[in-house]
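The structure appears right after this line, and notes come after that.
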Amino acid sequence: MNKKIKVGIVGANGYAGAEVLRLIAEHPAAELKVVTSRAQLGKKVSSAFPALPCDLEFSDASDPALKNCDVVFTALPQTAGAALVGELMDAGVRVIDLSADYRFEDISVYERTYGVTHPRPDLNKLAVYGLCEVNRDKIKSAQLIANPGCYVTSVLLPMLAITKAAKVSNIIADSKSGVSGAGRKADEAYAYCTLDENFKAYGLFTHRHAPEMSEKLGQKILFTPHLLPIKRGILSTIYFDVDNPEAALNALKTAYDGEPFVSYTDVLPEIGFVSHTNRCMFGARFDGNRGIVISVIDNLLKGAAGQAVQNMNIMFGLDETAGLPIYAPI
Amino acid sequence: MNKKIKVGIVGANGYAGAEVLRLIAEHPAAELKVVTSRAQLGKKVSSAFPALPCDLEFSDASDPALKNCDVVFTALPQTAGAALVGELMDAGVRVIDLSADYRFEDISVYERTYGVTHPRPDLNKLAVYGLCEVNRDKIKSAQLIANPGCYVTSVLLPMLAITKAAKVSNIIADSKSGVSGAGRKADEAYAYCTLDENFKAYGLFTHRHAPEMSEKLGQKILFTPHLLPIKRGILSTIYFDVDNPEAALNALKTAYDGEPFVSYTDVLPEIGFVSHTNRCMFGARFDGNRGIVISVIDNLLKGAAGQAVQNMNIMFGLDETAGLPIYAPI
Amino acid sequence: MNKKIKVGIVGANGYAGAEVLRLIAEHPAAELKVVTSRAQLGKKVSSAFPALPCDLEFSDASDPALKNCDVVFTALPQTAGAALVGELMDAGVRVIDLSADYRFEDISVYERTYGVTHPRPDLNKLAVYGLCEVNRDKIKSAQLIANPGCYVTSVLLPMLAITKAAKVSNIIADSKSGVSGAGRKADEAYAYCTLDENFKAYGLFTHRHAPEMSEKLGQKILFTPHLLPIKRGILSTIYFDVDNPEAALNALKTAYDGEPFVSYTDVLPEIGFVSHTNRCMFGARFDGNRGIVISVIDNLLKGAAGQAVQNMNIMFGLDETAGLPIYAPI
Amino acid sequence: MNKKIKVGIVGANGYAGAEVLRLIAEHPAAELKVVTSRAQLGKKVSSAFPALPCDLEFSDASDPALKNCDVVFTALPQTAGAALVGELMDAGVRVIDLSADYRFEDISVYERTYGVTHPRPDLNKLAVYGLCEVNRDKIKSAQLIANPGCYVTSVLLPMLAITKAAKVSNIIADSKSGVSGAGRKADEAYAYCTLDENFKAYGLFTHRHAPEMSEKLGQKILFTPHLLPIKRGILSTIYFDVDNPEAALNALKTAYDGEPFVSYTDVLPEIGFVSHTNRCMFGARFDGNRGIVISVIDNLLKGAAGQAVQNMNIMFGLDETAGLPIYAPI
């Protein structure tokens, strides 16, 4: 307990980065050492964000103090953090990357999906996909974690359990996310008057999280995201055909036994059951060989910053729930 | 134009009934004569609802003045209005019924779905299903209109167009509705603190609008409703397989040519495009033989009171758009 | 009824201008001829705003067709419309200006408040302050209307009635407005995630609507605006000392007798009673010589576009309620 | 650290009680032993509230296990908890009462305000008013804490600082609260469709928190509450006259130096700066001898459950911030 983990955050101005900042600032076993942001460079955190009463100053991503950290969270746009991740790893720092750069085993899928050339295929081989409950053992010793996508987490946790227990096909994930999923932006498309009392679908057949889900599930999945007029939370309604519904349901009920953050519920879960927590809850209904799973997470916690901190807890041998809420406020 | 249509509303305390009241009160060719509500009996409308500055007093459903109306809108719970509908029709009054009582051709499906015995099978044969753009000719001369369900309207308008032009199968309608769809209620499940910043699915495999959609489309449809934290509006995301995607898209683009309230849009429609209007807008995307339609309506207008008034306009030979907004406010 | 009023709108991209567009498009006695917007130049209205199914194309403010209109609504930022207003008036067009340019009798107050030199003091003398119920007679024959500020309207309607009947002092107006009052903007300060579940005060002792209220009331008023997480509506809580509370209350109850849009209510009014309508409702409570008035309007309607159209109705001898809703939807 | 404080909660079904439950469940030095609720009697907490994954069963307020607790939080309606509070105190249990029963020094004011006879005047003398930063020393050794009202806390923290440093008069507190302040209810007045996109004032000249503020400030205060369409948070706009504005401002800036939960801010505070935290933030502006303070808290935390737990921390010699968030989420 005496020696706290020294933490750096690169890109702490974005919603996910700022949420890591908040979690680490209140974490019992970690200590915030460096936070960087180009947009807020030189400002005290509490001046830039009165909601975050932290006296640190935002520095630049080139801040050498990052190399003295035990772990650095990188929350930069695709490919922008690649060089830095390499340097930090060379310096022995462990890295939890919240971008999509290291999430794909098949680099060609990554490159096609994001329209870029992968900056560091060599590092990609070292990366562990940070879906905590599924890859816990590998995470313990990993130096580089690829933190999963938000929508992806909500779909994989229940569907990986089912696909291990039964033959599943024709998966459609109809997902709905709160606005914070789009990140911090000055954009009329995300203005209050544009989104309040509104709801829309986007990215039909083309959203970048579909290939990530498909690779991890080992089958093509049809994925449609929607934008909810709420700040936080994802609910995925997942349709599928299954050869053995009883086995599927049983898998959902038992696969995460004892897990503090992942659980099956007989009552269909609502976003409000998990918002402001690091939990994933799911329920299911079957009609013959047709199944529907309802899965909910908080997109900024279990879908981003929370799972990132959970990965840190695993990597450093801490209580996995340290600093991560499981009770949802009213 | 001199002589206004005399209108009665039975069950004007509910959201749909009150919305008919509002539309008729501002309608250029109709005049409100009788409004009934058990809950508000004897109160002036403007006292019960300061938002509705109308001097009429709520009377009882037995009010004989209803029989002097040219048309009566009945907005009562299932089976509760059946006897009254018969009496009014005997008195020569035309009736637009917003309940589900007369929506089904197959009475046994109605009875199974709603768990009741149909109160008036004889009237059911006379009823015309009031999906205006589809059944306009029959509506003109009908004495009894069964006003379609809200979710159902959002799905039928685009899908009837497609199924006439191509072979469609495996339809899944994943629909999301504003809270007013649940009606006026003192119920913690619909309290502000329960629903704000929340979202949930309900009625998996069991919602009553699924059989209504299935009967009208002539094939079984899988339907899942969800509750959005907004007051008004429905967005349906409709998945299907289709043998001829080009024909399907073309049908969407042309089937409602010239219709003031129904239109195809290249840009995917959002609820905000149609809320507070009587419009239905839909768009579509295809990937091989897979199709997705996005369809939006205002559940209280095109999904209930607006379509009811549109039916009245048709029945009485008025301009079909009279008293019905097509421009959506910010 | 045969010949419709030809209408132009300058600055139809902003929320107020777009709301005028919507009202005129559905107005029974007016016809939209020209709409201008620099931001949307050359686009069809329905392409720029799918919620507004209008086939006109946005033109430039220099469009000569504006001079063929009977009336032009100008909704431009302070001083930007001044030259145009003069040209239109020279061409015999009547102008309803939604900016603050012509609202002040005392030009020096205008100049100090807005930090500009008044562009056309000569026109200022011709302008009529378009508070419809108060200045109706002058409005009838005016060629230039200065449409009042939104907060100002909510305060003046009740307080002018009271100050005519009793001696009032120490007025404090604590006002709360929906977000549309800030206009259409790509600004993180008005992003959904910034304002949802939030509330704030702004402009303490410095807001531009305070001098406008003070001039019209003939006494200094302390005014504090706040930003509500809703799209539309203003509620003003107005504190004051009064020598004769009975006279004050009586004035509130009777001053607007017979007015379709302005009314006293025993029940304290809520924003929801008037949103999406052109009404102003107010109520009051007294404790000795202390009074509190609660006044509500829809900031985009009675507070801007609705009052502007009401002014047009008065100017052209139409039914004053034409095209203006008085029943509020659920 | 080894021995955790044993905690009971009476009335854990209400919003404030449930929020205490959540805080204690995640508190590093406290342990939940008993939770009572008549409405949920016999149910597991996690069954009644899936958002609270706690295995305890709700018992009755007569549960003898309450007497084995170190501290019991009582969150019952006025007077309902009086007998129980006495019994617990006789058994040596320390009590933190969230009702208004013990908040007033002058029992006659309490009785007039709440329209009841005080159940236990003898206990009232023992009670310490639990405004933590102001009464910290007395709280340490108190056996009975009267936890302050939510609105009251937002007003007292800044205004007590000012009134100690300058002569203040004519105080008006115009306060706005989120809906959770009204408690858990099945009531159409608090339904989603009633409150969404709405805003209203209530309790003019008559709200029960006015006498509580007045007693603690030593002068009569005019207080008007309003209902915001958000779940949590209070913002109070406080108007006053002051003889020495410099001293007043200086007091605000320095009175709570070093306090982790209370702070002055140059930027005017918004509800979002403190929601989901136990902080109170305030700012001020002056114009001559006129002052305006803007003060914000989370009504369920610093305004109720959070301050209650802070009182517990003080009473048991814990780190005062234990289990209480100070960083606000996005």
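So that you can tell them apart, the chains are marked A, B, C and D in the order they are listed, and the count of residues begins at 1 in each.
Assume contacts are C-beta pairs under 8 Å (C-beta built on N, C-alpha and C of every residue); 3 or more make two chains touch, one makes a residue touch a chain.
Fair warning: this is a prediction, and the values are worked out from it, not measured in the lab.
Chains touching both chain A and chain B: C, D. Superposition of chain B on chain D using C-alpha atoms only gives a rotation of 180 degrees, nearest 5. Mean C-alpha position of chain A lies 46 Å from that of chain C. Taking each chain's centre as the mean of its C-alpha atoms, chain B lies 35 Å from chain C. Multi-chain contact residues, meaning those touching two or more other chains, occur in chain B at positions 15, 180, 193-194, 197, 229-232, 269-270, 272, 330.
Looking at the complex, you find that chain A touches chain D at residues 15, 18-19, 22, 25-26, 28, 50-54, 180, 196-197, 231-232, 263, 265, 267, 269-270, 272-274, 276-277, 279, 281, 300, 325-330.
Within the complex, the chain B residues that touch chain D are 15, 179-180, 184-188, 190-197, 229-231. Chain D meets chain C in the complex at residues 172, 174, 176, 178, 193-194, 197-202, 204-205, 222, 224, 226, 228-233, 235, 237, 239, 268-272, 275, 285, 287, 290, 292, 294, 330.
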